[in-house]
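What follows is a short report on a single structure.
Just so it is clear, A, B, C, D, E and F label the chains in written order, and each chain counts residues from 1 on its own.
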Amino acid sequence: MTQAVPLLVVEDEALVLIDLQDALEEGGYLVLAATDGPGALQLLDDRLAEVRALITDVDIGPGAITGWDIAQQAREVRPDLPVVYMTGASADQWASRGVPNSILLAKPFATAQLLTAVSQLINATTKIIPDQKE
Amino acid sequence: MTQAVPLLVVEDEALVLIDLQDALEEGGYLVLAATDGPGALQLLDDRLAEVRALITDVDIGPGAITGWDIAQQAREVRPDLPVVYMTGASADQWASRGVPNSILLAKPFATAQLLTAVSQLINATTKIIPDQKE
Amino acid sequence: MTQAVPLLVVEDEALVLIDLQDALEEGGYLVLAATDGPGALQLLDDRLAEVRALITDVDIGPGAITGWDIAQQAREVRPDLPVVYMTGASADQWASRGVPNSILLAKPFATAQLLTAVSQLINATTKIIPDQKE
Amino acid sequence: MTQAVPLLVVEDEALVLIDLQDALEEGGYLVLAATDGPGALQLLDDRLAEVRALITDVDIGPGAITGWDIAQQAREVRPDLPVVYMTGASADQWASRGVPNSILLAKPFATAQLLTAVSQLINATTKIIPDQKE
Amino acid sequence: MTQAVPLLVVEDEALVLIDLQDALEEGGYLVLAATDGPGALQLLDDRLAEVRALITDVDIGPGAITGWDIAQQAREVRPDLPVVYMTGASADQWASRGVPNSILLAKPFATAQLLTAVSQLINATTKIIPDQKE
Amino acid sequence: MTQAVPLLVVEDEALVLIDLQDALEEGGYLVLAATDGPGALQLLDDRLAEVRALITDVDIGPGAITGWDIAQQAREVRPDLPVVYMTGASADQWASRGVPNSILLAKPFATAQLLTAVSQLINATTKIIPDQKE
């Protein structure tokens, strides 16, 4: 527990991102943050191998890239990566555009919901694939 | 996360209620509280549409109304409402009097148990019914 | 139980489709079948409202339409529809292209796997959304 | 597997009961049947200790007793008893009147749904309470 | 579905083994059987890579080897292998001697319980580890 | 919530133990700690009846006793005891040496993972076995 557990967080609103960061660091996580689509794709390229989960807003500002796309691209490389989506208006698209074994948090959500969601998904991954060497 | 997530909490012991309130607010929730059966039923009438979960003590002081009744009445109006029961002496009645998809916390319980229980149930609701408009 | 429960099944190999149909009818289901992408989309248009689940092969012959696409389109209209994918070579795409709360059966699979998968998903839907009128 | 596994089945329509009985016996179960409320309560009194699950229609003909009542009474004596409800018109009451850890099958349902539901619940019970002697 | 799905079944009573084999083959599985501890270990050596699940009696006749040992050895080589235990007298040892993510069937059990248990575990494995190539 | 919920924690590194203790007490738990195998076995003898879960490091310093052994011994006496393992190098042994219904946390892990894991397991136990008196 001396090292924090790295997560990739994508959120375009600066104030919300600060809140997320505070809550996740309080829970023992380390946040690698992106604030728009291109930044998120760059982080996927650079740091995907080391993060333990992806937490992504769905509507990340202007541009064609959405949280649905980011999660899909991340899963192409890391099929077991835990994914948590955050959304206000786009919750109704989760059933058709979300990836399997993901959790959607409808905004507004409580800090405890976020910590429980990401922790539960990471714990399940660890549990199920105990021996990556096989 | 700028708005807190409202919950309905029913607990007749004032000191316990303060503890619950502190723990839940720490986790990002907003507590609408009732301290007896009639107060709980009044809150169901007034605020049920806006809360995201019900947390209820089972034995709520004198009178015929129990936590089992309150949860049942809430579910008649909101069948998908997450329900967490708290009880000391009445845990053995949960299997016959509790509602489906509820969690029972046997007293004494830890703050983390409460936050995990309510967050897990709310997250599951969001996940499963993504499109309320349909 | 006097009426069979209708399912939409998409499978381009005629012999496999007959096997699937036999197994599912033995289990009390009624199969509405499509053998290619356009036929599947036509069935979605015509009969989606009445089926209780979608069972789809992933690689359905020549053409641009895959089982991933069919499930996504079905979920846009029916976000709670149970989905079972069947695939040989494309299992590795499920984590990024599958829909939430779906099950993937890697070929070859046993009849009992198919019946358990579809039944479990339908039972969970019924359980979680008890009141469709709300 | 040489002995069949006994279940208590409550269903007031004789033809439906025969179908249920055939399906369950095909799956290796032995059916103890009641066709109305008083008969069901009598069976609870006489045979509850030996059955492994309760399968009950919700609307069991004239009289005040419903499937909700029968399950509740059974759970008062056997809190770990698996319960499967079958219903057409009353599915919307499950969220408020059903017992925890039960499954509701909306009519019409397939034989495979019933076998999967009851088997899954019995398997979970066995798994979770491995040592009844404690 | 044209090929049957191979399972490893360990059961020392010949008549019970025949029943198991009939039920599993009816469900689309192919049974590789061992009737004692040494035979089971031999099958693990020879065929473990190709089976999709292990179904093992716990008390397999004279000798020091039990079903607990066989499952543990199988999991050392295949950590994701679905395991179903069958037992009469030794169910109370499952909580301390069983492997994670296994199901225990207390004898007597119904055919449908066995098919549901093994199918559910295999389906979950397929679902969770979609891309073995990664 | 006025009384803390007692847990048994086994961890041989003093600094890590302090971190665990802080995090668990923050979540409302009371830690009974052991720092080596013999100490853990002594605590099992003395206090097992009163704790609500076991959290154990797998590699607990010199000596033949491992976290796998401690959990197994605890489960022989308390088959329903929630178990959380913590490990760096030995995660690949969980599938064969862990007990059923346990969670493995791969080091490094976040505080929130630990609190979620132990709380979720305790909540599930309470839920499933509502009436210990039966």
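In this section, a contact is a pair of C-beta atoms (placed from the backbone, for glycine too) under 8 Å apart; a residue touches a chain by one contact, two chains touch by 3 or more.
Fair warning: this is a prediction, and the values are worked out from it, not measured in the lab.
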item: Shortest path length from subunit A to subunit F (each step joins two touching chains); value: 1
item: Chains in simultaneous contact with subunit D and subunit F; value: B, E
item: Self-contact between copies subunit C and subunit E, residue sets same or different by half; value: different
item: Angle (degrees, nearest 5) of the CA superposition of subunit C onto subunit F; value: 180
item: Chain of greatest Cα-centre distance to subunit B; value: E
item: Between subunit A and subunit B, centroid-to-centroid distance (C-alpha), Å; value: 28
item: Distance between the centres, which are taken as Cα means, of subunit D and subunit A, whole angstrom; value: 42
item: Subunit D residues counted as touching two or more neighbouring chains; value: 79-80, 92, 94-95, 98, 100-101, 115-116, 120, 127, 130-131, 134
item: In the complex with subunit F, residue positions of subunit B that touch it; value: 15-16, 19-20, 23, 91-95, 98, 103-117, 120
item: Of subunit E, residues touching subunit F in the complex; value: 72-73, 75-76, 79-80, 92, 94-102
item: Subunit F to subunit B touching residues, read off their complex; value: 1-5, 27-29, 115-116, 118-120, 122-123, 126-127, 130-134
